[in-house]
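The following pair of complexes shares a single chain, chain A, combined with chain B in the former and chain C in the latter.
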Partner chain A sequence: MWKVLRDLLRHNRGFAIGVALLSFVLAIALLSFVSPYSPLDSYVVPPDLPPCWPYVLGTTSRGQDVFWTLTFAIRNTLLFGFLVALLSRLLSLTIGLVAGYAGGVVDRALMSLNDTFIVIPLFPILVLFYFVMRDRMSWVSLALVMACLGWAYDARLIRSVAMSLRTREFTETGIFSGMSMPRILVEEHLPYVLPIVFSTTMNNINWSIGLEVTLSVLGFTDINTPTIGVMIYWANQHTALVAGIWWWIAFPVLLVVITFIGLFLLAVSMNEFIDPRGRLGRGAP
Partner chain B sequence: MHSYARYLLRRLGQFALVVFIGINLSFVITHSTPIDPVEQTISAATSFGSTSPEAIAMMRQSLRELYGLQGGIGEQYLAFWKRVAVFDFGPSLSAFPTPVSDLIWRALPWTAGLLFVSTTITWVVGNLLGGLAGYLRDSRALRFAGVLVMGFHPIPYYIVAFVLLIVFGYLWPVLPITGGAQMNMARGFNTSFVLSVLQHSILPVLSLVMVGLGGWFMGMRSLVSNIVNEDYVVYAELGGVAPSKILGAYVMRNTLVPQVTGLAMSLGGIFNGAIITEQVFGYPGIGSLLVDAVHAGDYSLVLGLTSVSIVAVSVAVLLIDMLYPFLDPRVKLAN
Partner chain C sequence: MGMHPGTPGQPGHSRNQRDELREPRPATAAIDAPVVDVTNLRAWYVTRQFGVQREVRAVDDVSLQVRRNEIYGLAGESSCGKSTLIKTIAGAVRPPLEVLGGSVLFDFHGEHLDLYRSPPAARAAIRWKHLSYVMQGSMSVLNPVRRVRHSFVDFAYRHIGGSIADFENTVRAHLERLQLRPGVLEAYPHELSGGMRQRVAIALATVCRPELIIADEPTTALDVIVQKGVLGMIREVQRELQSSLLFVTHDMAVHAYLCDRLGVMYAGRLIEEAPTADIFRAPLHPYTRHLIASLPRIGQAARMDALKGAPPNLAAPPAGCRFHPRCPLAMEVCSQQVPPLETLTPGHRVACFAVTPPATPASAPVSVSPTQVSTRAAPPGDSR
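The block that comes next holds the complex of A and B.
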């Protein structure tokens, strides 16, 4: 696997740029552990200062240093994205593999369910969830709900791989040897599915961070924990743009855009790698 | 025709399933919360002074009736479904006594128009660009366009809308940034109103299109690059068929099928993006209504909007599904 990654880094420019961008973002997130200020304190520095030294990205109207708040914000946002992606992987892998393997009625039933969750507009349902939970809503419960709603698209991809694997000889051999279905799925099919899972994980992280940013900006999440969306929410609450404090909004937006593009590049380059025809088509060695 | 009828029946079944699960999901969410919406509304209404206990009791009773929370859980379930079927969610609290359905009917055309226009533009332009990029592999202009379009694709709708708001609202204020049409203008099909509507829709449509193009571009480009190596395309090229005809009749025609499927699958996401964009630009559609309703604590309106969103997206997907066999007749026969 390391050889694969090294090859990707060397030959696939999209992958290399994606890794570079994400390393940058991760470095900033890790800096949060050495932050001199606690994320929940306010008025620890003079407010409304433009980027200068030592406040490299300026300060907010609440007297917080933009840079150090940003490190916490991106760390929480990334953690949330990972959590949702991880939980929804479990669901999409289970449903995709079982549907692709079993076929027949089970497959059709699961795919009807799957298509349902693809069609249902998720934003109104999440807003409804916030509306009824209000202050009781925690990040973990939001992550759980989003994971239970966001597995559908990837389950379909995994299912198509599983269907093609079902017809291969080693699967038949496994069945004749008396392996149970779960054992076949985990031991034989899972390794083939992992590259797709990797690229769908990147996409899912993008999707969940995007949804989190959107919900937080509207104030529909726990606005006391700093995340990128919550930072923008508070900036809007303090009418930062009108007051001319553009750095409060610009830097979170910039950082999250870098995150999105990095994850996206990783997902796309992984996809290209999985489909060898794409590699040949691009004239790659 | 017989097979089309069977296909239609299957699609209607799927539609019914989506609506059923979606509305049930709303019901489960609203009824499994630890917070009682009646108590919430009462505490909000009585927080500014003293109210007599009899008044509070009356409020509680009428609110329970309004929110459909009377009786056991079974009765509530049936009452909920009856409301959705008849599309009557009672009066809205924040705009009392206007019925919720009135508010929704007023907002729905704006959202529908925005969605229809932006989705059409995004799908058509994205597919055209992607098809050209896949066919003419060496064009630098198309490669640059591809990088640009794919650069915007992963960014969530809110941020793109927000950036456009800043650019066209503060830095270069040439376009209107709020409202569906100019305020206090006489409504109707006269030219000035229509022009005003178009002008106010430029920014929301632009923000939706910018984000959406990338997806169709990428999909179309990879589909086309696979098809150009097929035998029949090579034969046509060798036979001297004009490139435009090859692109139109041979290549793109075959790629339409998966792209239409993709359109049906992404309508939910596009709907999400549209209602968020509406909120940013103050466009008087469902999005602004939803956010305002949540902030005002208007339970019936939020519930009504959620149900309407689910049904509307399902209907749109059903319509696309109904057109599908005309593009690919094999679908009718597939099981």
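The block that comes next holds the complex of A and C.
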């Protein structure tokens, strides 16, 4: 495992850049733990200052330090992305593997559920969800809803692989040897689909962060928890661009773009690693 | 029926003498009882869709026995039901395959089991321990993303039990016995060559020292040199464990090399069964005769005749003898009645009205005696 990582870092520029960008973003998120200000307090610093020492990224019209607010925002945004990805991976793995392996009625039932989730329009559902929940809407409940909406494509992908795995001899041998279905799925099929899952995880994080930012910018989320989207929302509320407070919007956008690029590069280089031809050139792992 | 002691001329006879160092098997009255006794087995692929039932009669009314310490070969062309038959014997039956009749009786040293009248737990309990199955395409029995060691643990550990360390020692000892480096355990399957993977698959199937090994075309994907090595290893394992082997391939040369007795299948039925040497020397069924005559011989210059037609569609097999549309000796009765598998000489069974005329001739068939038959189609220089 470590050898694979080392080789990827050494020979795959995309992977190296992706790791560097994400480490940078992660470092900023970790800085939130040493922040001198609470993210919810306002007017703790002079408002509307351009980037200058000690306010390196300037201050907002609400009297908050952009840099330290950004550390909280990116931490929450990343956590949100990871939580959605983790929950939706669990769903898509379970449903994809079971549907592909069991086939028949189970497959048909699970896949009609799956297709329902594929065809329903996401954005209106999320907006509707906000109008139903209103003040009870929290960061965690949004993550739960997004996880419930974000597994369907990947479950189909995993199911297609599982259907092929079911007919392979090692599965037949497992059945013949008396392995139970959960054991076959976990011990024989899961290692096979795991690289694919890693790659789709990156895409899923990107997707969920993007959607969260969109919803927050429009004010359809809990606007009291600082995230990248919520920062942009407040900047818009204070007409930051008209007032010339560009740093209030520019830095959150820049940071989230860096996150996107980092995750994208990781997903792409992961794809290259999964491709056995690419792996062959590097020698067996 | 069919349970005579081996004659001295039989290829498998001398091998027993090499195992005198081993502890002798318990001398019970049932020492000559077959390991597996298949009676009138019928297994069809049945699909029901849109209210239409379709069935493919892949195994129809097959009876055979595999004795202790013998290698039984099952021959026949592709799609004649060989694989289905041994899947059914191994109990690896999954829809759409259904067992519609007959029985499979195992006798593992006094431990009797009627496969299709036993609870699934009892069926599962004999696997690996008493009965192992080297599947078709067994080169891919190993999970490509797991080390070989994991495949051993996943598939065989439950059947041995004990601690993992003990199990790994057993596996290592077994691999060494088969002259495989224990290092293969740490390899991924793609790092091994085809022949090596095949050997590992055989080692995996035999690690629990089963009494009956069922092998489905284990050497078909290999070139002849590697094939010979793998076949030698299979024989070695069989000798060493004193187990029985049910071996399936369409390759007659492999059968000649390996098997003690040979059963020939055509279109889902067993049509002839005899000691291997007898089948090659004096085949009786017209299909078997053409099969043997089709084998190229060294120095042969003449062009070989092909049998007309193709094997029947098993979804709609012809009535009577399934070979009769292609048979040069076909009589009227052949299209009306199914020829029973009759014992002609001890150990030699054949299902053909041309060889064993029907007991009550319905419409006075033209009787052809066996000697007449064999001189007509046996290859030159090979008549009895």
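By definition in this document, the second predicted complex is superposed on the first by the 275 of 285 C-alpha atoms of A that agree within 3 Å, B and C clash if a C-alpha of one lies under 4 Å from a C-alpha of the other, contacts with A are read in each partner's own complex, and residues count from 1 in each chain.
As a working rule, a residue touches a chain if its C-beta (ideal position, glycine included) is under 8 Å from a C-beta of that chain, and two chains touch if they have at least 3 such contacts.
Nothing here was measured: the structure is a model prediction, and the numbers come from that model.
K.L.:
Are chain B and chain C a fit on chain A, or do they clash, once the structures share the same frame?
P.N.:
Pair status: fit.
K.L.:
Does chain A have more residues touched by chain B or by chain C?
P.N.:
Result: the larger residue contact count on chain A belongs to B.
K.L.:
Between chain B (first) and chain C (second), which does A:I158 come into contact with in this model arrangement: first, second, both, or neither?
P.N.:
Neither partner.
K.L.:
So in the superposed three-chain picture, is A:V256 touching just chain B, just chain C, both, or none of them (first/second/both/neither)?
P.N.:
first
K.L.:
Go through the superposed model and pick first if A:F123 touches only chain B, second if only chain C, both, or neither.
P.N.:
First partner only, chain B.
K.L.:
Just checking: does A:V268 make contact with chain B only, chain C only, both, or neither of them? Give me first, second, both or neither.
P.N.:
first
K.L.:
If we overlay the two complexes on their shared chain A, which of chain B and chain C does A:F176 touch? Say first, second, both or neither.
P.N.:
A:F176 contacts chain C only, not chain B.
K.L.:
In the superposed arrangement, does A:L241 touch chain B (first), chain C (second), both or neither?
P.N.:
first
K.L.:
What's the minimum Cα gap, in whole angstrom, linking chain B and chain C in the superposed view?
P.N.:
Result, nearest C-alpha distance in the overlay: 12 Å.
K.L.:
Under the definition above, what is the set of chain A residues touching chain B in their complex?
P.N.:
On the chain A side, the touching residues are 112-113, 115-125, 127-134, 136, 153, 206, 209-211, 213-214, 217-220, 232, 241, 253, 256-257, 260-261, 263-264, 268, 277-278, 281.
K.L.:
Please name which positions on chain C make contact with chain A in the complex.
P.N.:
Residues 90, 92, 94, 124, 127-128, 133, 135-138, 140-146, 150-151, 154-156, 158-159, 188, 190-191 of chain C touch chain A in their complex.
K.L.:
Along chain B, where are the residues that touch chain A in the complex?
P.N.:
14, 17-18, 21-22, 25-26, 29-30, 33-35, 37, 40, 150-151, 153-159, 162-163, 166, 170, 218, 222, 225-226, 264-265, 267-268, 271-272, 275-276, 279, 290-291, 294-295, 299, 302-303, 305-306, 309-310, 313-314, 317
K.L.:
Could you please specify the touching residues of chain A with respect to chain C in the complex?
P.N.:
168-170, 172-179, 183, 187-188, 191-192, 284
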